[in-house]
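Next up: the structures, one after another.
Two complexes are shown next, each including chain A; its partner changes from chain B in the first to chain C in the second.
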Partner chain A sequence: MQRSVLVLVIMSVIMLAFLPWIASDVMLQFAINTLLLATLAQSWNILGGFAGYVSFGNSVFYGLGTYGTAIAMAQFGLPFWVGLMLGALLAVICALIVGLPILRLRGPYFAIATLGLSGVMGAIVSNMDIAGANIGLILPLTRADPMFYELSLGLLVVTTVCVAWLSMSRFGMALIAIREDEDAAGTMGVNTTRYKVAALVLASLFTSIAGGIHAYWITFVDPASAFDPTLNVRMVIMAVFGGSGTVFGPVIGSFLLSTIYELLAFWISTAAALLFGVVIVLAVLFMPKGIADLALAKEPGWRYFLRNVREHRL
Partner chain B sequence: MLLAQVLLNGVLLGALYGLMALGMALVWGVLNIVNLAHGALIMLGGYVVYYCYTLLGIDPLLALPVAMASMFATGYLLQRFLLNLIVRGALLNTLLITFGLDVVITYLGQVVFTADFRTINPSYSGANFMLLGLTVPVLRLIAFGIALLLSSALWFLLNKSGLGRAIRATAQNLVAARLYGVDPRQVYAVTFGIGAALAGAAGGLYGMISHLTPYIGSSLTAKSFVIAILGGLANPFKVILGGIVVGVAESLAALYIGPTYTDVVSFLLLVVILVVRPAHALRAA
Partner chain C sequence: MSATAVPVLEGRRLTKRFQGLVSIDDVSFSLAENEVLGLIGPNGAGKTTLVNMISGTIRADHGSIFFKGQPIDHLRPFQRAHLGISRTFQVMKPFPGLSVLDNVVVGALFGTGGGETSIARARESAREWIEFTGLTHRIGQSAEALGGPDRKRLEFAKALALNPKLLLLDEVMAGLNLVEVDEVVGLVRKVRERGVSILIIEHVMKAIRHLSDRVMVLHHGEKIAEGEPSAVLSDPRVVAAYLGTRRT
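On to the complex of A and B.
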């Protein structure tokens, strides 16, 4: 990575870290949400972007993270960090159990097999008394938005550093090789199943911690919101909008899309969802490789957009 | 007797599920587009029938062709002027663009139709008769018949007509089909239109048997997905059979395990099939 980029990133992180002292309450809440979403998109990027395995099941790890934290804190009175660890443990175990059979499937099969995952886990959790069944759990109330902000920022930084390391390491090379041609990668001696499962486990770890932070921040969990399948679609859209398989793409994509959505909801509250859908359609049409590719394009502007359409139209 | 009744209900409902999945399987098999807006198209078809019945007083069963025609036009235009622009992109991109369409259609539905629950209630909606000690609901039987009728029609269209040959040729080899004078843009748009028309018919029947809101789309998309995989993409009758398998499995799960587990059962069915027999699925028409 170029030194100038590194300096720029460190500077922005330091500036972001001071946000709680200047921002209003509403602004801070928006920022926490955005940072957590960016973490989710970045975690999705590990398997989805680098290895090319599109997962629609990552929201299940998010749900397990929220429930691990909620059960530890609400049912057993354990401290927050123990809850985070419990949630992460549950998510990692789930990633291993689910990953080993499902990651043998290729491409669209894998995407489809993961599609119902969060619905299934939601149904199971809503029948468990320890998890508060359908009603949900209430966590001890804490009013400390700055702390949640710094935690979310820290988590996003750790996740992004991990992805940056990934992009330069043997592990990341193996994942990219799997994306480009899995059979060839296997022939060259890459243990593809092991790398894919490791990537899923890594993604599940960060995703579940983000879920745990969100649970304690909101102080309430219920099956419908914890295992919301549209959350996973949002992760994918943000990662792809920014540029999947890149280090900063998913972060930039989530920041931009969250801001666009929030502004739309502010100006024209009723039509925000509609315009959000339109933004997705246009983005896929004109810049399918994401903002990251647009920023690096040799000929930006309308030529770039037209070239993309020309490449993919019938 | 209870078991037999549950099985009968499952089979009748399952055929309608199969009809829902038929359009998705066709589009997926021929165009290689996993259409996440398929459920939204089903929803639109349901509302066309609903308004034909409530505003114009057309019998809902006679309004089904109206829904199919208008959905064919919608699907044709969508494919011709939007999806054809992206169809050679990565699978993920077509997934995303159809998801965006789903968001847009659902939102427009919410504005135009409002979020109220609607049911299409013709005079015969509660009718049933007894057969061998089992209660047979007339509407579900009609839906079953229409599902079989339309899947047969699709089979004949694909296998016995010139258009069907063009569609199958395009699915097998785009370049070769083009060399033989097939215009893939036209074929793709017509195929998507047929898929949307089938969705429209399914939506009308679904509105009579269940209820309509602008938000039913995403769960119906997921169900169609599972069934398209179970039934494969090549044979319309197998898709209906896949629907029946899911319908029966859901009914049995609701009876023995509890209604909250119906989705779990169809998902587990899907994963088991995918892991055990992956080569079975995804064969183009």
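On to the complex of A and C.
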């Protein structure tokens, strides 16, 4: 069972790696976006899914990754990989500074506290000349979509392998215990603060690298899109839709929702956003634990959906 | 003073108020190595509050707690667990979404001395504690699915999995039938034989009488009696405290 899943996943990754040779330009662009979004959802999953801390501040790490790369390349003429590292460094430092005080808050209080983060950081950046103030920065143009595609795929694979390791490790067990009952976890010897901060740092690392790749790919950054709070909402929806706290749920959720959105936008452009919202409301009503849970459910379809409605009503 | 005379646990003049109401009022006590101290008192006497102070989930307003002679007042709950202090919760705290096995694994992974580093070894020791508490037939079920008595057993197994030096048991027998109570009394005895020091809170007097070397009685947060079990349980003040507030 486990082994067959592993084989299936490895085969899929190998096949996906060959996509640039067969896909059209538009298709490849869609694929890059999807892979980056999946990485964001998977990163969100580390703290949000495993430790149960719903963060709306991850778009800050994305923005810092974006700007780290942009500043290094546009202002100092440094190579791309140096930019990625600078972005990652900024994000990790931010996670450490912000994480310690904010991760003391529980449940909705934590979520609310993280809501303001991207706004604050966006405002700071739009007042920094080195970051191009509120106009933004233009990066050197590179027409290399296949490279960006392979990078994005590689990043998603690395992030997912990390989450898979997490799910089997002592670290992951600590996060899960925190999610299930933080006080009980503490009295059983789990250093809750340390593990929560570590989870946030890990999430910030992958999130910022995704931001850096995106920045170089579209060759332009500005505060509004780099620190866009709706990006964070998408991370949450995709991770939860697929199944937060699972290894593949967030990836499957992002792939499916990105595809649905793209198809809707193509066929019925104005109604796309609306229908997307409907899909989400229905999903939350009938399968709040995500696709991963649906796939593992023992009962036939309709009974599973009805049980969820019954169990999760007030 | 010789090394063996240092008590495992000592509380000195502990006081705790909640919004002006005194829950623990200037209480001092000690627990010797490998001793079983029974803690009794009517509902609301402050027993759970005392356990919370020892395990570190709440802090004392005044007074100090010493573990093996060292003050632990500044330590967070996880640090106290690493020292070897483990507890059960009267209002049980299972990890609801996890299996019985995983619930107990957490204790083995993070308990005394920082816990096991290997998941495989932690699983092995968790299995032993699950067997010990008679939960093996439920090992794969989710904690949510357990009935009352099995939840109590799980709470006990989780606390034991930390491999504690000091075990604080807060009403692990509440809601159990007579046969089950006798089972748990047997288990507590076995734990004690392994050299663990135990503070046990129970309303089941028969169990307290059978298990305790000494009994301490709280009433309205004050210590009103302490000593040899049969003497304490027949102390007129203790009887009066219980009769005056008996619920059931």
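To be clear about the criterion, the second predicted complex is superposed on the first by the 311 of 314 C-alpha atoms of A that agree within 3 Å, B and C clash if a C-alpha of one lies under 4 Å from a C-alpha of the other, contacts with A are read in each partner's own complex, and residues count from 1 in each chain.
Rule of thumb we're sticking to: a residue touches a chain if its C-beta (ideal position, glycine included) is under 8 Å from a C-beta of that chain, and two chains touch if they have at least 3 such contacts.
All values reported here derive from a predicted model rather than from experimental measurement.
Between chain B and chain C, the partner in contact with more residues of chain A is B.
Of the two partner chains placed by the overlay, neither chain B nor chain C lies in contact with A:261. Once chain A of one complex is fitted onto chain A of the other, the partner contacts of A:101 are limited to chain B, with no touch recorded for chain C. Contacts of A:278 after superposition on the shared chain: chain B is touched, whereas chain C is not. By the touch criterion defined above, A:112 lies against chain B but remains apart from chain C after alignment on the C-alpha atoms of chain A. Once chain A of one complex is fitted onto chain A of the other, the partner contacts of A:120 are limited to chain B, with no touch recorded for chain C.
On chain A, the surface touched by chain B in one complex and the surface touched by chain C in the other have no residue in common. Of all residues in chain A, those touching chain B in their complex are 54, 101-102, 104-105, 107-109, 111-113, 115-117, 119-120, 123-124, 126-127, 229-230, 233, 236-237, 240, 270-271, 273-274, 276-281, 284-285, 288, 309, 311-314. Here chain B touches chain A in the complex through residues 34, 82, 84-93, 95-97, 99-104, 106-108, 111, 184-185, 188, 218, 222, 225-226, 229, 258, 260-261, 263-264, 266-268, 270-271, 274-275, 278, 281-282, going by the rule given at the top. Looking at the complex, you find that chain A touches chain C at residues 168-170, 173-174, 176-177, 179-181, 183-192.
Chain C meets chain A in the complex at residues 55-57, 76-78, 80-82, 86-87, 89, 93-98, 102, 105-107, 109-112, 114-115, 117, 119, 158, 162.
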